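To keep things simple, chains are lettered A, B, C, D, E, F, G, H, I and J as they appear, and every chain counts its residues starting from 1.
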Amino acid sequence: MLTAIVMIDATPAQIPEVAVAVTAIPGVSEVYSVTGDTDLIAIVRVKDHEDLASVVADGINKIPGILRTQTNLAFRTYSPADLDQAFDLGLGD
Amino acid sequence: MLTAIVMIDATPAQIPEVAVAVTAIPGVSEVYSVTGDTDLIAIVRVKDHEDLASVVADGINKIPGILRTQTNLAFRTYSPADLDQAFDLGLGD
Amino acid sequence: MLTAIVMIDATPAQIPEVAVAVTAIPGVSEVYSVTGDTDLIAIVRVKDHEDLASVVADGINKIPGILRTQTNLAFRTYSPADLDQAFDLGLGD
Amino acid sequence: MLTAIVMIDATPAQIPEVAVAVTAIPGVSEVYSVTGDTDLIAIVRVKDHEDLASVVADGINKIPGILRTQTNLAFRTYSPADLDQAFDLGLGD
Amino acid sequence: MLTAIVMIDATPAQIPEVAVAVTAIPGVSEVYSVTGDTDLIAIVRVKDHEDLASVVADGINKIPGILRTQTNLAFRTYSPADLDQAFDLGLGD
Amino acid sequence: MLTAIVMIDATPAQIPEVAVAVTAIPGVSEVYSVTGDTDLIAIVRVKDHEDLASVVADGINKIPGILRTQTNLAFRTYSPADLDQAFDLGLGD
Amino acid sequence: MLTAIVMIDATPAQIPEVAVAVTAIPGVSEVYSVTGDTDLIAIVRVKDHEDLASVVADGINKIPGILRTQTNLAFRTYSPADLDQAFDLGLGD
Amino acid sequence: MLTAIVMIDATPAQIPEVAVAVTAIPGVSEVYSVTGDTDLIAIVRVKDHEDLASVVADGINKIPGILRTQTNLAFRTYSPADLDQAFDLGLGD
Amino acid sequence: MLTAIVMIDATPAQIPEVAVAVTAIPGVSEVYSVTGDTDLIAIVRVKDHEDLASVVADGINKIPGILRTQTNLAFRTYSPADLDQAFDLGLGD
Amino acid sequence: MLTAIVMIDATPAQIPEVAVAVTAIPGVSEVYSVTGDTDLIAIVRVKDHEDLASVVADGINKIPGILRTQTNLAFRTYSPADLDQAFDLGLGD
């Protein structure tokens, strides 16, 4: 499973509507309206790159009100569960 | 529950080690090594702001190798489940 | 009580009118026309995140003339009164 | 009374200590640890420019751990109270 | 007397006309067409902040062709005459 | 006479000392400690380019604590006096 | 043979169509839809500079939907094969 | 096969040596010394994300002299051959 | 003789036409279509500042398709011939 | 003959010395100390790319005091003489 974190800048007046439209795209697992210098952050979880292209290039980017998107693809994931497992196997030190 | 998405720039040579250290902080649910112009993205889920301050200001920021962090706090969350529910209640149109 | 400091870029010719419109939004405690590379700074004080979303996403962002907004949410507050109290309790050194 | 909103970038590991040191400077009314692309925001309220120079140039800037400061001085202030008053006087329309 | 140095970006084709319009605003003491990454620099000298707001927010910003303005307000002034005086008083070493 | 407006970024803790050192350089007519995203602005008035090079490259840039300087040279100057004169000559319309 | 790597920003909604149009230009060897803060990266391989000018200035830049292009021309190329050869000749140490 | 285009900023004096070191990493197919605002561009071709992480996070980033790297991962590839094939199948119009 | 190096950003589709128009302006000695993050670089050689203002403010900036120009004025020139001469006079060591 | 325009940022205190060192490199035809947001601009004229790499990567970049260089390579040159010739041949309209 691929995870991508997509930063979305939108026209200020259309941010809530853009958020709903992005959330409706299959492959988008959640969308946050956030503080900071980006307007929305979408978490995308898909099977492969072609799906990612459909969600981002053919999906999110086509929504009216979107000014810019920047996709950060996760190529390595760390979770507390992994760390615990590593420590159990003595790999931690 | 508060969700924050924290962008982390780290010294290139220490990125994997920083990722492990960040993941070990209570309140951090996952950390991604990502493509794009930030090095790591941490998803933080905590009870309240004071916890967020402990995780970010007293936790992540203290890790050697961290150059800059930028916290994007989610103040509104959209999920496919919410949309389905809204449509069920006829709020969708 | 949540405090957010919202940076607002507006069309130069509409800055005073935008300032008045932002000030009229419930939850906005004051707005400053400022020097520096942002046009207006609004101090927002609200009960919770949902209120913050209403003030920023459904309120400020909808005002004609607004080009970009950037919300900085305070997750820890320091005041001289707190410091005095801390020193009284001998926590200061 | 002059109001200035000072953006402060600090070495990540020293942000809490810097916040306390800034808060202790006479003229600083509150300091926030914030989300977004600045680390701290200090609200400064002083009598005149010379005081402002003392607080910023001779005070805040001298604190170890400070990387950059950017002062936004308020040259016009809008508050809900002013608007109410203006409406009472029929100036609002 | 307050001094402010205002950076002005204007539509390239209208820079000379914008310069003349800015110069005509009471409170503007001179305007320079400059090299570098800003188009015009206006030196504003006014009595107080309210005047500064009128010159910048109600004056300069309203001129057609202005894209962005950034006001740098002087809060401390150094001149050779001050230095000479300080040296005469033995404050210089 | 050439006029140049020099933006100066300096180490925060050394700004006042840098201001005094810059002011002492022959050719510098005044230096301002300013709000906004630059620390100091120096107004330089010299006879020709070689003098400008001495003041900036051999003078200002050599002062300890200076991080970056950016020189904006005025190649056309507008003043209210010029405008009045132009109007007297009927050139104004 | 000259190699150039061209960064392309396009209107989000037209990225796939722009990619196809760029790919059709003689001299373009491949185009990638990418993560990160640029939308497309085109690899151009041509005989000489005049060809490069035709591909970029007269070709890519003329495609509707293109916002900005930035051409990075390779003036020295390193490949594993070169390294192996260099090591064979004892130039490696 | 995954393709990534990695932008590399290096200490100016070490660029040639960094280029050789990057080229020696398995998975790097070529490295270019380029004009423009990045120093080197590496083309990486690997089997999967874990390999990409090893090449970038555990390989390139560990090389002395590297200041910053930015990985652009290709999630959709267009080539003239694909276009010809598409046209043959009548998909082109 | 004054030398200025003018960076020109233009609408991508009009770069060649803008280059021809700029070249036709008296005082422009050559124009380059370049790689990197600017589109054109014009070398301007004029007698004095008023001429420079005419070439840039009244000439280049008025050309349709120009988005931004940035003028870098040379205030000191170094050439191999000067160095040779300096060495001949024993000033070199 | 290849022409490249190289932007050079240097440590402020070493700009004149860096300028002399760059000028001494074979292939550099002139160096300017300039206004604006870059410190020096070098005009490089060489036979081919390998020479360009020697001048920039092995020459300029190795000079102590250089912080960053950005090479803009000319891939099409326009000069008044070309225009006159084109007009003579009736190509101008």
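The definition used in the following text is that contacts are C-beta pairs under 8 Å (C-beta built on N, C-alpha and C of every residue); 3 or more make two chains touch, one makes a residue touch a chain.
None of these values were measured; they are calculated from a predicted model.
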Set of chains adjacent to subunit D and to subunit F: C, E
Given subunit B and subunit H, the chains that contact each of them: A, G
G-I or C-F, whichever has more C-beta pairs in contact: G-I
Selected pair, out of G-H, C-F or E-I, that shares over half of its residue contact pairs with D-F: E-I
Angle (degrees, nearest 5) of the CA superposition of subunit C onto subunit J: 180
Distance from subunit J to subunit G - Cα centre to Cα centre, in angstrom: 23
Between subunit D and subunit B, distance of the C-alpha-averaged centres to the nearest whole Å: 27
Whole-Å gap between the CA centroids of subunit D and subunit G: 47
CA centroid of subunit B to CA centroid of subunit G, Å: 35
Per-residue multi-chain contacts in subunit I, two or more chains: 16, 33, 35-37, 53, 57, 70-76
Chains grouped in pairs wherever the two touch, ordered by label: A-B, A-C, A-D, A-G, A-H, B-C, B-D, B-G, B-H, C-D, C-E, C-F, D-E, D-F, E-F, E-I, E-J, F-I, F-J, G-H, G-I, G-J, H-I, H-J, I-J
Subunit F-touching residues of subunit E, taken from the complex the two chains share: 3, 5, 16, 19-20, 22-24, 28-38, 41, 70-80, 82-83
Residue numbers on subunit D that touch subunit A, as the complex places them: 35-37
Touch list for subunit B against partner subunit C, complex: 2, 49-50, 52-53, 56-57, 71, 73-76
Parts of subunit D lying in touch with subunit B, wherever the complex brings them together: 12-13, 15-16, 33, 35-37
Residues on subunit D engaged by subunit F in the complex (per definition of touch): 4, 53, 57-58, 60-62, 66-73
